[in-house]
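Both complexes below contain chain A, partnered by chain B and then by chain C.
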Partner chain A sequence: MLALRTMFDAFKNKHGLGVACFIGFAVFFWALFLIALPQIAMLDYSFRFNLPRADIGGPSDVYTLENYAYFFRGNDGGFNALDVGILFKTLVAAVFVTIIDIMICYPIAYILAHSATGVAARLMVIGLIVPFWVNEILRAFAFRILFGATGMINGIGMEIGLWDTPIDFIRADIALYSGLTYAYILLMVFPIFNAVEALDRNQIEAARDMGASWWRVHWRVVLPIAKPGIASGATMVFMLTAGALAAPQILGGPSNLWFTQLIYQWFNESANWQRGSAYAVILLLVCIGFVTMMMRVFKVSIGEIGR
Partner chain B sequence: MNKGTGGGVIAAGFSLLFFSFLFGPLIIMVITAFNSSSFPRITPWECFTTEWFAVLIGNDRLMNGLANSLFIGVGVVLISVPIGLAGALALSEMGPRLRAALYTVLITPILIPGVVLGISTIVFWGALGRGVGADYGSIFYDGMFLTLAGQVTFISAYAMLVFLARLQRFDPTLTEAALDLGASPGQAFRKILLPFLSPAIGSAAFLTFLASFENYNTTVFTILSGNTFTTTLASKVRHGTDPSLSALAVIIIAITLVGAMVHEAHTRRSQALRDGSAARSKIYGNPVLRVIVHPLCVFAILIGSISFLTYQGSQYDASVCKQQVLDEKRARQEQLLEEQRQRIKAQKEAAGATETGTSVKKSPSAFGGAFGGAAPKPVETPKSPSPFGNAFGSGTLAPKTD
Partner chain C sequence: MTTKDIVLDHVSIRFGSYTAVDNAHLTINGGEFFSFLGPSGCGKTTMLRCVSGFSEPTEGRVLIGGKDMKGVGPNKRPTALIFQNLALFPLMSVAENIAFPLEVRGVGKKDRRKKADELLDMIALPGVGDKKVHELSGGQRQRVAIARALAVEPDILLLDEPLSALDLKLRHHMRTELRTIQQRVGLTFIYITHDQGEALTMSDRIAVMNAGVIEQIGDPEAIYNRPKTAFVASFVGETNAIEGKVTAQTGELVVLDTPLGPLKGTAAGGRKYKPGDNCYIFIRPEQLELRDNPAGENAFTTQAVKAEFEGNARLLFLGANGVDLRLTRINTGERPADLAGTAVHVGFDPSKAFVLPHSALAGA
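Now for the complex of A and B:
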């Protein structure tokens, strides 16, 4: 309390009473009513039964673990291989997409920071940003045009005789992975770029003068500098990919669900919000747990995210 | 270029590949907007047409969603920019320990999956509404309000990041000097800090509007039974598509490119004016070129050429060509049917020849087999897209056209 009080006074002396009140109120409202309480409400909700409105708050409105138990055991009490499998597949796919994004974006970020100059660099930045002003749905739609059964790639492939029957890229999830890789490239390039840009060119030249080969220069000089940027980008790409809903809905195969689609189904098709909340909590915890674990492994802190 | 550390030919080649991956899908989508085929595709090319733009404008649900999206977008800008500013200011004044804690809290909404944010928003406000005894018509169950709340939660964090980046370059002695010279704290804030932050306010407003307009994951939950531009678009794409969406992409990309060019003209001009190289440079020294590269002029030229193209496009009539394509398709179908008939006839004769003398009972099954094997399939041959192509063409439901 005292700390808050002294801070408020510091603001008041520096920016005036009105500004201090505004800052205090806005941050309080944001942190409490928009961030903290909704998450707590969702957690609370996930431990309740799906009751008709009249019964809410009544004697039957008690806490239960039923929604979580369902995730692990399903209806028949056995192992719910379907849902757990979907969660596992989603995580693996998200990791896969993240790794591909790192591999694509690291060279581009490095080229942008240290090789491109003047007009070329400006054009590259514009070229990176412009595609991401186009709606996410439309970007997924573009991949659907490319990969559909009568799409562009099948059309050309069959035209020049590479294959006879259309390849089902959508069922094979190739369309989905390409779309997801595409969707979050920007979020990977700029953190890495910011990190690599700080590198002193002389260090690279020194390493080269000492006879290091190009991959050694990258491995020993550039990568250590880029690491916080990669971690930050990878965290964002992983979380967004695992939490993606539009791309799997549009590009995903009919029999191949993403975990967010399960949550969506509980809400919009089964009208079981409690169970949907439970699934959302599971997704959140698993993702956060995974990211924290990875941050431990690579020794980065959350304070470096978003820089 | 520095050879060996990523410069040179390899770098250029990689950049080329990278940007073709980035722009390829968009370019193809743009081209499909002008193909008259009712499923968006390039091959086979049918007719150049501009009718999909008319189809797009005629889509009431999409236009209604657009109005909702614009309303929500403006609301989000008005709320999340001040909140983001407050967050950034609070962080910039704190001690390191407290700062790290608050930073973690305020940055998490970016990392929480949008789906989870949407769910937690509707659950929380719903519970609050029940708590105060509000009914379903009240604000707690209003899709627009919930969408605003849900989007502001994480979009404010974007705005905060923009302000934090700008604040890092702020020289706090300026404020101190103002205070020493007798300005009140409020005056110092208004006259020193806010003007310094104004470019960041502009870019934060732009970023937040775009983020709000594009958002799907959170909005699809919080909008409840309503619809925004993006949710309408998504349901349209999921349930079969036509090239009017490509036409939409053309419009969005055109707006984006115009914006990018005008912005570029503006930054170059202000940069040239600031560092005093304007008088010496070839472009800004020449009075005619100087006028032409003025951002407003660039904007006017671009808008002018786009309106001209739009007018030309609206006058273009593709019906002759379409009729031709239709006729070709009909002719092809006729031909296939004719071939079919011939084949069946031949098989019939062959069957009749072999069956003379054998049991009569067997003949119906023999016929059945003949028909089953040669069922007319002109529609599904990939080379002859038919009016039914649309029904079969939409991605997930597409049958294997063999």
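Now for the complex of A and C:
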């Protein structure tokens, strides 16, 4: 509270009372109405029964853990292997996508920050940004076309004789993983770029001068500097991948559900917002828990990520 | 020829059409403390990077210990470079920094630590091995960088203005320290600086550079007392430059027609001038004398503008006929009469003044 006050005062002195009040109000409105209240409403929902309209607010509208219990027990009281399995699979897939993104983006970010100059650098940045002008749905469908049975990849692969029957990339989830990996590349490149850019070129040269191989230069000098960037990129990519809906809907194999699709089904097809909310909260908590655990393992603090 | 000798054989380095180093041709002897001295942007770093192997000369050859270094990478040369900004690794401890070159060579953890501690003792910083680099002072970091460079026992240490980030006192202290370390380890030091004081106090020999060209190579005495070009005369140490036209030369003695009247100086390096040649006559502020009367050799009358007290010396600013001069006198402990605003008679010994052909001056 005190910190907020001093911040407000500093702002007032710099820009005047009117501006300070407006900004203060806008931030408050944003934090309360756009962030806190919807989430609290969802949380509230998740602890209620899915009652007919008439009963809402009535004596049977009480708090319950039923929606959460359902995730673990299912209908029959046994272990809900299906839903837990889908959550687990989603997490593993999100981790997989995140790792691939790190492997692709670290070299890109490094080259962008330290090797590419002038035209090459600008082309690289444009090449990274332009595809994102195309919206998510269109991009997903483009991937579907690319990976489809009669798509470009199968066409070229069969033409040059790498394989002779079309490979079902969709069923094998390769299309999905590629789509998701591609979708969040920017979110990984920029934090890493930010971190690596701060690295003084002389340090790389000093390490080279002392005889370090490229591998060691990266492992001992560049990677430690890039770590907070990787962590913040990985957090974003992981969270967004685990929470992605459009890509799994469009590119996912028919037998493979993403956990978000499950949530979507509760909300939409079953019209059970309470259970959907509970599932969404579960996804959120598990993701946060997983990210915190990973940060522990890799010894990154939340403060470092914020930089 | 020892393994520590370096030969630059007609080395030129160009970036596109821009020539950063122009036809450098010199030999640096093993065990020598050799400095490149020149103003910012004159190509010193470029030259050093070429010796250390980060770049190749556009023309000419670099030989170390008699071997042509063409195609030999920085990691394969017997040189260690200390960067202008030290380039210590911020996320490693001091000991890890020093031991990094050993780690690269596959030395075990225990031996690495032992060697790092030995080196820390040598640079008089025992016990700081576990600190982070940012916990050290500028001078300590400086010494850590030297220790790291020495860890693999290179034959040649290349130092790129390593003292420029330090404050004055520490800089003076580190000068002596560097010289001591150099004499102790007996390595060839190639030292780069734009600070003539540093170059003069530490070096065995100095190469003065201007705009990519090496103007003069010599020991500190020669550079200071017998500059060969107008640039060297004006860059190294304080000096007064008086422009004029040659009227006559007898032996070493040259007479110039200057705005202050005819003045005599010595033709540096036994040069011959023709009447009408545009020249400078250089005279150090400490070689200018105040005279009682305008008679006598090489005397002229000018105006005292202001006086400054510098502790060990008094500085007198003079100016007349568009020629600004500076004159220093040793502080004898007595306060002399205030001359500012009066006419003064000044003269100098022709053998202490050198005449050099007109060309670019430092800072002009």
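Just so it is clear, the second predicted complex is superposed on the first by the 286 of 307 C-alpha atoms of A that agree within 3 Å, B and C clash if a C-alpha of one lies under 4 Å from a C-alpha of the other, contacts with A are read in each partner's own complex, and residues count from 1 in each chain.
Quick note on the criterion: a residue touches a chain if its C-beta (ideal position, glycine included) is under 8 Å from a C-beta of that chain, and two chains touch if they have at least 3 such contacts.
Quick caveat, the model's predicted, so the values are computed rather than measured.
Novice: Quick one: chain B and chain C on chain A, clash or fit?
Specialist: Result for chain B and chain C: fit.
Novice: Name the contact category of A:Arg220: first (chain B only), second (chain C only), both, or neither.
Specialist: A:Arg220 sits against chain C, while chain B stays out of touch.
Novice: Using the touch definition from the top, say if A:Arg208 reaches chain B (first), chain C (second), both or neither.
Specialist: After superposition on chain A, A:Arg208 lies in contact with both partners, chain B and chain C.
Novice: Go through the superposed model and pick first if A:Leu87 touches only chain B, second if only chain C, both, or neither.
Specialist: neither
Novice: To the nearest 10 degrees, give me the chain B-chain A-chain C angle using C-alpha centres.
Specialist: The vertex angle at chain A equals 100 degrees.
Novice: Figure out whether A:Asp200 sits in contact with chain B (first) or chain C (second), or with both, or with neither.
Specialist: A:Asp200 sits against chain C, while chain B stays out of touch.
Novice: What's your read, chain B or chain C touching more residues of chain A?
Specialist: Looking at chain A, the partner in contact with more of its residues is B.
Novice: First (chain B), second (chain C), both or neither: which does A:Tyr264 touch?
Specialist: first
Novice: With the two structures placed on a shared chain A, what shortest C-alpha distance in Å links chain B and chain C?
Specialist: 8
Novice: Please identify the positions on chain A that touch both chain B and chain C, taking each partner from its own complex.
Specialist: Chain A residues touching both partners: 205, 208.
Novice: Inside the complex, what are the residues of chain B that reach chain A?
Specialist: Per the stated touch rule, the residues are 1-2, 4-7, 11, 14-15, 18-19, 21-23, 25-26, 28-29, 32, 39-44, 82-83, 86-87, 89-90, 93-94, 98, 100, 102-117, 119-125, 127, 130, 149, 152-153, 156-157, 161, 175, 179, 184-189, 193, 210, 213-214, 216-217, 220-221, 230, 233-234, 237-238, 241, 245-246, 248-249, 252-253, 256-257, 259-260, 264, 382, 385, 389, 393-396, 398-402.
Novice: Would you pull the chain A residues touching chain B in the complex into a rising list?
Specialist: My answer: residues 3, 7, 10-19, 22-23, 25-27, 29-31, 34-42, 44-45, 56-57, 104, 107-108, 110-111, 114-116, 122, 124, 126-131, 133-146, 148-152, 155-156, 158-159, 165-166, 168, 170, 182, 185, 204-205, 208, 214, 217-218, 222, 235-236, 239-240, 242-246, 249-250, 253-254, 260, 263-264, 267, 273, 276-277, 280-281, 283-284, 287-288, 291, 302-303, 305-306.
Novice: Give the list of chain C residues in touch with chain A in this complex.
Specialist: Against chain A, chain C makes touches at 52-54, 73-76, 79-81, 83-85, 87-89, 91-92, 100-101, 103-105, 148, 152.
Novice: Using the touch definition up top, name the residues of chain A that touch chain C in the complex.
Specialist: Answer in residue numbers: 200, 202-203, 205-213, 216, 220-221, 224-225.
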